[in-house]
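First comes the structure, then the notes that go with it.
Which chain is which? They are A, B, C and D, in the order written, and residues in each are numbered from 1.
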Amino acid sequence: MTEMTPELIAEHGLTPEEYDRIVEALGGRAPNLTELGVFSVMWSEHCSYKSSRVWLKELHTTGAQVIQGPGENAGIIDIGDNQAVVFKMESHNHPSFIEPYQGAATGVGGIMRDVFTMGARPIANLNALRFGEPDHEKTRHLVSGVVEGIGGYGNCMGVPTVGGEVNFDASYNGNILVNAMCVGLAEADNIFYAAAGGVGNPVIYVGSRTGRDGIHGATMASAEFDDDSDEKRPTVQVGDPFAEKLLLEACLELMAGDAIIAIQDMGAAGLTSSSVEMADKGGVGFALDLDKVPQREANMTPYEMLLSESQERMLMVLKPGREDEARAIFEKWELNFAVVGVTTDTGRLVVSHQGEIVADMPLHALAHDAPIYERPWVPTPPPAALGAADVPAPDDIAGTLAQLVAAPDMASKRWVWEQYDHMVMGDTVQRPGGDAAVVRVHGTGKGLAMSVDVTPRYCKADPVMGGRQAIAECYRNITATGGQPLATTDCMNFGSPERPEIMGQFAGAVEGMAEACRVLDFPIVSGNVSFYNETKGEPILPTPAIGGVGLIPDIRHMMTAALKDEGDVLILIGEEHGHLGQSLYLREILGRADGAPPPVDLAAEKLNGGFVRALIWEGKINAAHDLSDGGLYVAAAEMAMAGNIGADLKTGEDDLPLHAALFGEDQARYLITAPSGGALDILVAAKKAGVPARLAGTVGGGELTVNGGLPISVQSLRNKHEHWLPDYMAG
Amino acid sequence: MKASVIVFPGSNCDRDIQVALRHSMGEEPQMVWHGDAEVPRSDLIVLPGGFSYGDYLRSGAIAANSPIMRDVVAKAGQGVPVLGICNGFQVLIESGLLPGALLRNAGMHFLCRDVGLRVENTGTVFTGHYEKGQIVTIPIAHHDGNYFADDATLERLEGEGRVAFRYCDSEGAAGEDANPNGSLNNIAGILNDGGSVLGMMPHPERLADPFLGGTDGKPMFDGLVEALS
Amino acid sequence: MKIIVKVTLKNGVLDPQGKAIRRALASLGFEGVEDVRQGKLIELDIAETDPEKARAAALDMCEKLLANTVIENYTVELA
Amino acid sequence: MKIIVKVTLKNGVLDPQGKAIRRALASLGFEGVEDVRQGKLIELDIAETDPEKARAAALDMCEKLLANTVIENYTVELA
């Protein structure tokens, strides 16, 4: 038997104290190697949330619309008519850095399994991607591989990829972020959970065979990168989207009946974590026989089988006697089906292999006794506010606009989303490129608006405000399409939790998110934490990506950002302060990252958002766009480019410097258009509602002008906006 | 009209075509599993888009060898109209019902976007509701749509008017700029020699509903219903 | 018995993948790459132990599935 | 000078293509096909005439582009 040396323990990412807890959990005996492996993955940061758990409790996770909050494979919300939306976002950062195609592909595959394991058919995918500087030697290759991998998997599955974000920043040079979100649709009265039940029920393995893929993937995902990370390469998993498509159809077919007691995908830490979660949640034990596990390679050890992260696999507990019925379905779809164990009343996970018991561990300890760390943290010092007077104006305002719309973060991401099938399933009523994507609920007139958002530079400067802003921006994006924001999922990407400043960022972001979710009634129903995103001590920008879902009750009232008709009137909703701290203008044009991010007034977000949504539902406006990066001027340009029509933008009466009025990133704002005859009514209604609103110009012509001057042709803006990414990728 | 849609394990536009046919037909098409030996009596057989077998080996190659395809080939031989869209076109090529090959897109990427198409032949059951030379907008979504054929085949296709659709710009010009995937002669869809089998890379079923941004695909289904009822 | 099947594009058939590789090699600074063609290498492990029968089976597999003989050539080697 | 590069998946790496081909061969009635692995065959025509230099260049191309060394092995042969 393998001796438990300090080196072996450290290699498994366990501290000496954690090891002592394992011995204690085993009633005083040392674990064998297999057991050590199982404990190490279950107690890894990725599976146990040991550094984040104390903070995640602070999040706002409830609401009348919530059927299932955090704690299951995915969150679930009610959209009426016995329909439920099941969604979650998850990171696949480290695997994607090592092998961008397969890392991203298996990230997409994994998140889809989380959704269909609950009985939902995936109806849309989104992704939030962050890469290093465009000039960094690895960036182009990573962008290309990640985008192809996401497309390769989602396209083959026949699930439209409808939205996402792509940003570039030097802090991601050695740690890209690949966050994949999946949204599924289920019948509210036919949802499946992971909790196993009963004693003597068959435990069933379905899907692809087990190979030596990604062993230690879960611990790798929690390990900081160093210069030898290339050494970890053979742990890469390869995805088989065709197998997953079969698995999806077979699972949904079986789920139409009542044979399943519990079902859980095998994700990180594979067979181990799915067994532990199912048994623990159901308060039962599992006896597994590894000889029954379908294997791809000869001579696999119990350690390898238990920790393998081979993709496209699921574990189920069936009602006794229903095996044949289930087997017939999986065989029809040409998938493996094996009874690998039985539920017991021991409360233990007992694993046998070739007639011997190779592991025998208490489930409760595996699932719950990982140490919970209250890591030391220091709040991020509040940045000094930056007045407009401290920010030089550009010489050429219109030229600056042209630069901004072609900046890497702002340039059109068409090159990306054209590689995703964003129309399959025939319900994409608003394609990528707008504020939120909108997917019709099949066979109905309802639409789901979805968006992924966060502004990491705000989070770095002020994590609390950045956390609030991420939720608020997601809320606005959904609102701008006419959606009632319902709930969110998150993907919290941070550096090492062992550093107090990073824990301070995390704590701050959670605080800001929690407040915003509460005030906006936009709870978090699922999510994921990815720590240790740093290389050689350089952490990424704190990046709590937020994925939101909203409901458009009647898609005939769906709104888009494109300017429509000559003569329409522009109206700006929201207050103007010309806030330039941490703005895109500051970063892209002046190369500075100072000041406080714009304050987020949550009450104003709610009031202004509700006002705009009502206008949309009443059919009173023709276009709506939320204001974020680049402020009013960039927003107007985006609306003009989308509609291929110009506008004359008017600044307000107050005496803000022009560049602050145009590029300031004040929050809670929307730019909308209405037919000229309807504008007055809107202003009157706004006044009555206490919503700041003013006329902001007129639509028409082929140029964007400001107060009648500074002309720039919409076509030239479009050219710059559309060309940056394809040109960069071709370079 | 009775229509059958063949469902391969990795088909994923089967529901989309089902919806489009239902709208134009006013009744449900029959969904036929690839493992079946026979297609039920039909006035139209449709091979939908998707990744029939993961598109492994060559797109459409494994599907072309599935049990049902023997019967599809036989029925096509008897003159039953067959429409293959995207992966369905690839299957038709691999099964020998249409000539040539569909290679990897010249740009190497999967491409999903609206493209302009010029309708070249309106004398078929598929295209009767279009005007000759009409410019329509239909989406593509594929990785392997780069149509290739040897010179002799190409000459025959062109000479016999068997190019049904060509990629074009908004003016109808079929130049290189309007070619999304490198297809020879901007070919987007071709017919067999009897005009009863059509394979096309673009997806007419994706723009047959105003909520999806257009209806240029709908005349194909309306035309089929009129011609085959 | 192990069999190696090589499937290559016929002369005159456009090879978009080869072309893309050539372009990428050039942009990586590899000079003098005059042509690139990409084919497939398929390794089969088959139960048959008689070399002649194995070869015949492999040829048949190529005709029926592994190669598209409209555009591709193939060769079969016993390993 | 002509160079043949063979790129194959490393042992133990899942090969979805090979798996699908194997299943398709079985359904076509080919029995006893125990395993199928699919790799790439890349033929390069390069201007270089010195065999040693040509080989070195090809190896470099494999590392940088032709093979994904995370999951693939490669060999280089001068033809």
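Things to note:
In this text, contacts are C-beta pairs under 8 Å (C-beta built on N, C-alpha and C of every residue); 3 or more make two chains touch, one makes a residue touch a chain.
Every value quoted in this text rests on a predicted model; they were computed, and no experiment measured them.
Across the two candidate interfaces, A-B and A-D, the one carrying more C-beta contacts is A-B. Centre to centre, using the average C-alpha position, chain A and chain D are separated by 36 Å. Measuring from the averaged C-alpha position of chain C to that of chain D gives a distance of 9 Å.
Measuring from the averaged C-alpha position of chain A to that of chain C gives a distance of 41 Å. Residue positions of chain A touching 2 or more other chains, listed in rising order: 240, 242-243, 334.
Each of residues 53-54, 56-57, 62, 65 in chain B touches at least two other chains. Among all residues of chain D, those that touch two or more other chains are 16, 20-21, 24, 28, 38.
Taken as a graph of touching chains, this assembly has some other topology, since it is neither a line, a ring, a star nor fully connected. By the touch rule above, chain A contacts chain D in their complex via residues 98-99, 101-102, 208, 211-213, 233-234, 236-240, 242-243, 296-297, 310-311, 334. Taken in their complex, chain C has these residues touching chain B: 12-17, 19-20, 64-66, 68, 70-71. Contact residues on chain D toward chain C in their complex (touch as defined above): 6-8, 18, 21, 24-25, 28, 30-48, 57, 60-61, 64-66.
Chain A contributes residues 148, 151-152, 155-158, 240-243, 245-246, 249, 333-334, 417-429, 431, 440, 555 to its touches with chain B in the complex. Listed in rising order, the residues of chain B touching chain A in the complex are 9-13, 15-16, 19-20, 49-51, 53-56, 109-113, 139, 141, 143, 203, 205-206, 209, 211-213.
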